[in-house]
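A quick write-up on the structure given underneath.
Which chain is which? They are A, B, C and D, in the order written, and residues in each are numbered from 1.
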């Protein structure tokens, strides 16, 4: 069994128009910038994929990564908790212009809905958002005398995630707080593609320390020195680079 | 902050009559034998605690550990998935005699109910047990055209768990498949007591590899060479030892 | 007519359908035997619900590590690329549909795909373990079983008489006499022992067999 | 009468109530400042919802690791005994009631304990983050805030006019003028600036203050 993929282009080749795509990361930490940029390259070359529903905690920052994906007009709907950043203009303008739909989900509910999607739990109850605008239209029930809101699972066609090391079986470990949504999204997508800084031999990752077991991963592609969104933004980077 | 406890006796001193006690382990692997035996010692010395509700995957094996706890008559109710073992006679006899109540829960539902208890999720839906005797009386609802059963969270007053290493902040790692229910139970109890083979300094456990973060643990007690249930049973051990 | 596959041979037959790279859970007891017959060149990855993915064979006697066991509480060994995880993550793999195949034993299987394999009735102490999760967990849920009970009664039936493990969950049954798919609430015969007529097989089966124009021979392997 | 605590001083006051060994989540922005004022001899453990327990102070400029950030996306450092975990485990800590204290900012707090701190209305793009989880997550949910808005309007009100973050969730409010508990759906005054009369404080508060026989002086620390 070998889940390694030879290139970023091949890694994103199977994503269809209209797909639901989960993208890992919390702000820039754990964001699979190179996979996102490969998806943009494919779109610029072929016109596909478009009309995507993207699930991410945020809505991009500056003009790279998720913000660049949105800027290209590839995203029809965004499911997120916090569409703000140092420079959220790309999303903000499209959102206010009605060019992109926003489903705002409390962060813990977003995480739990994704976990539920991966764990075969179609619905669960949470105290979060009870009595607020974000609970409107959702069933409410009391347990042990407290009211709870029912939330539904969230699943995806594809998850694009970033890990630190991975083996050819798809076992993954992450780097510090870059873990965040990545392991959850890996469980909730039909196809999970992980970019990793280093592909290692099976057994090189201590089985006690595996965070994402290979069963949740369909493809692994090596990106040896991944870009960090914060550093790209400090350098005013734009993707794709624009002619001067 | 120092969560280390000086003795097993002190570790189990706070468990009250009628308490709900989660006990980690899957069969013998990960079973906190020494904590259970300390609880028996306290009962033999003081008559307390009794009338316990115990949550464990199994129902004990032979005459040590959980089986010994049951044999002493300390357990009024057992919540478990699989009350069978190489030698389940202690539980079987009490169960058939009506001296102990059994709540049988499918193993995955048991794990998820405990996780839900720890995660503040009072109820969730699962496909497991739909259409079977174990779903009787439980609400059923369809999601995406499939029927699911609603299950409730499971919480405890105390969790007695076994880990491999722990630090004074309560961070824990486990040994191989002895992990099983232990990390879940740690999250679902008001007070979690972990016996560990070795207490190490904070920082000695790689923060990437911590399985149970210290927030879920209230006490850590060192048991340097813990007994393994299978080996005790192969030696026909009985707890407490009986006069010849 | 008395020819039939042994348990070992049934396990061998079931193993032939497991693809390279498949994630597989084998129920405790008889189904564990399937792991011994992986066809050469194929590498399945075995999951055990107590928290291991990618374990290997049994250790030599005396070399057991009782913290390294399978769901049947038998000692196993590690292979490179193993991962450990807790019970909730383990059943997320099961319930979330991440396994390719689960292979279970059976008391009865109904033509509806219903399975009874956890309780023989109200006597004794009931025990369910992970069976009710596994029947909803895999993309393909298969059963391996003798075709009839020790008393010669059909185990493949119209409706289960014993307490159910799951509803409409089984998709293929490997028996001592045949390989049968469950499709649209019917038993569809795929393979049978060549020595056995369809009528004889039907006589040992508790619900109607749909017999397609092509029924392959069930191979009796030399093991 | 124009005397009031600065934001820094409010943060200092809130920090005095955090016990040794407490698990604490500080909301992004102003509440993050509370971490700077842990009383000597006390060691609180800080949780950030993006998956760190036990992080330390900000690194020196130029030494940031952008994979090691807090919920406000500011770089932090590690302390011995840190643990990393994913977002579902992180919010299990929050929602499961494992935090001792959460300290949040506010637009409005009602005498009922309702909090509004995520949306100023239908204009612009809404963003909620983890606020709605945190208000249900901790054994004690406290707010730090100026006592009135920039326009001088009360932020402590009878009923919130802005979209709610949570219902009946806040138990204590640290303001620039007072410390107020919420008990039984009432604002109960615990401390106030000595220079301020109860009537003056009431005039700046949008709901009735219950005034017990003992009201302590709110200390103005020199920082």
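Operating definition for what follows: a contact is a pair of C-beta atoms (placed from the backbone, for glycine too) under 8 Å apart; a residue touches a chain by one contact, two chains touch by 3 or more.
Keep in mind that what you see is a predicted model, and the values were worked out from it rather than measured.
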Third chains touching both chain C and chain B: A
Chain pair showing more contacts of the two, A-C and A-D: A-D
Distance from the mean Cα position of chain B to that of chain A, given in whole angstrom: 36
Whole-Å gap separating chain C and chain D, where each centre is the average of the chain's CA atoms: 56
Chain A and chain D, separation of their C-alpha mean positions in angstrom: 30
Multi-partner residues of chain C (at least 2 other chains): 84-85, 88, 91, 94-95, 136-137
Multi-partner residues of chain B (each touching 2 or more other chains): 112, 115, 119-121, 126-127, 174, 176, 207-208, 211
Chain contact topology (line, ring, star, complete or other): other
Contacting chain pairs - touch in the sense defined above: A-B, A-C, A-D, B-C, B-D
Touching residues (chain side chain B, partner chain A) in the complex: 112, 116, 119-127, 141, 143-144, 146, 148, 152, 173-174, 176, 206-209, 211
Contacting residues of chain C [partner chain A, same complex]: 20-21, 23, 43, 45, 47, 53-54, 78-85, 88-89, 91-99, 136-137
Residue ranges of chain A touching chain D (in the complex, touch as defined): 26-30, 57, 59, 81-85, 88, 91-92, 95-96, 102, 104-112, 114-115, 126-134, 174-184, 211, 228-231
Of chain A, residues touching chain C in the complex: 1, 115, 117-121, 167, 169, 171, 187, 201-203, 207-208, 210, 213-216
Complex interface listing, chain D residues touching chain A: 48-52, 64-69, 73, 84-88, 90-91, 94-95, 114, 119, 124-133, 136-137, 163-167
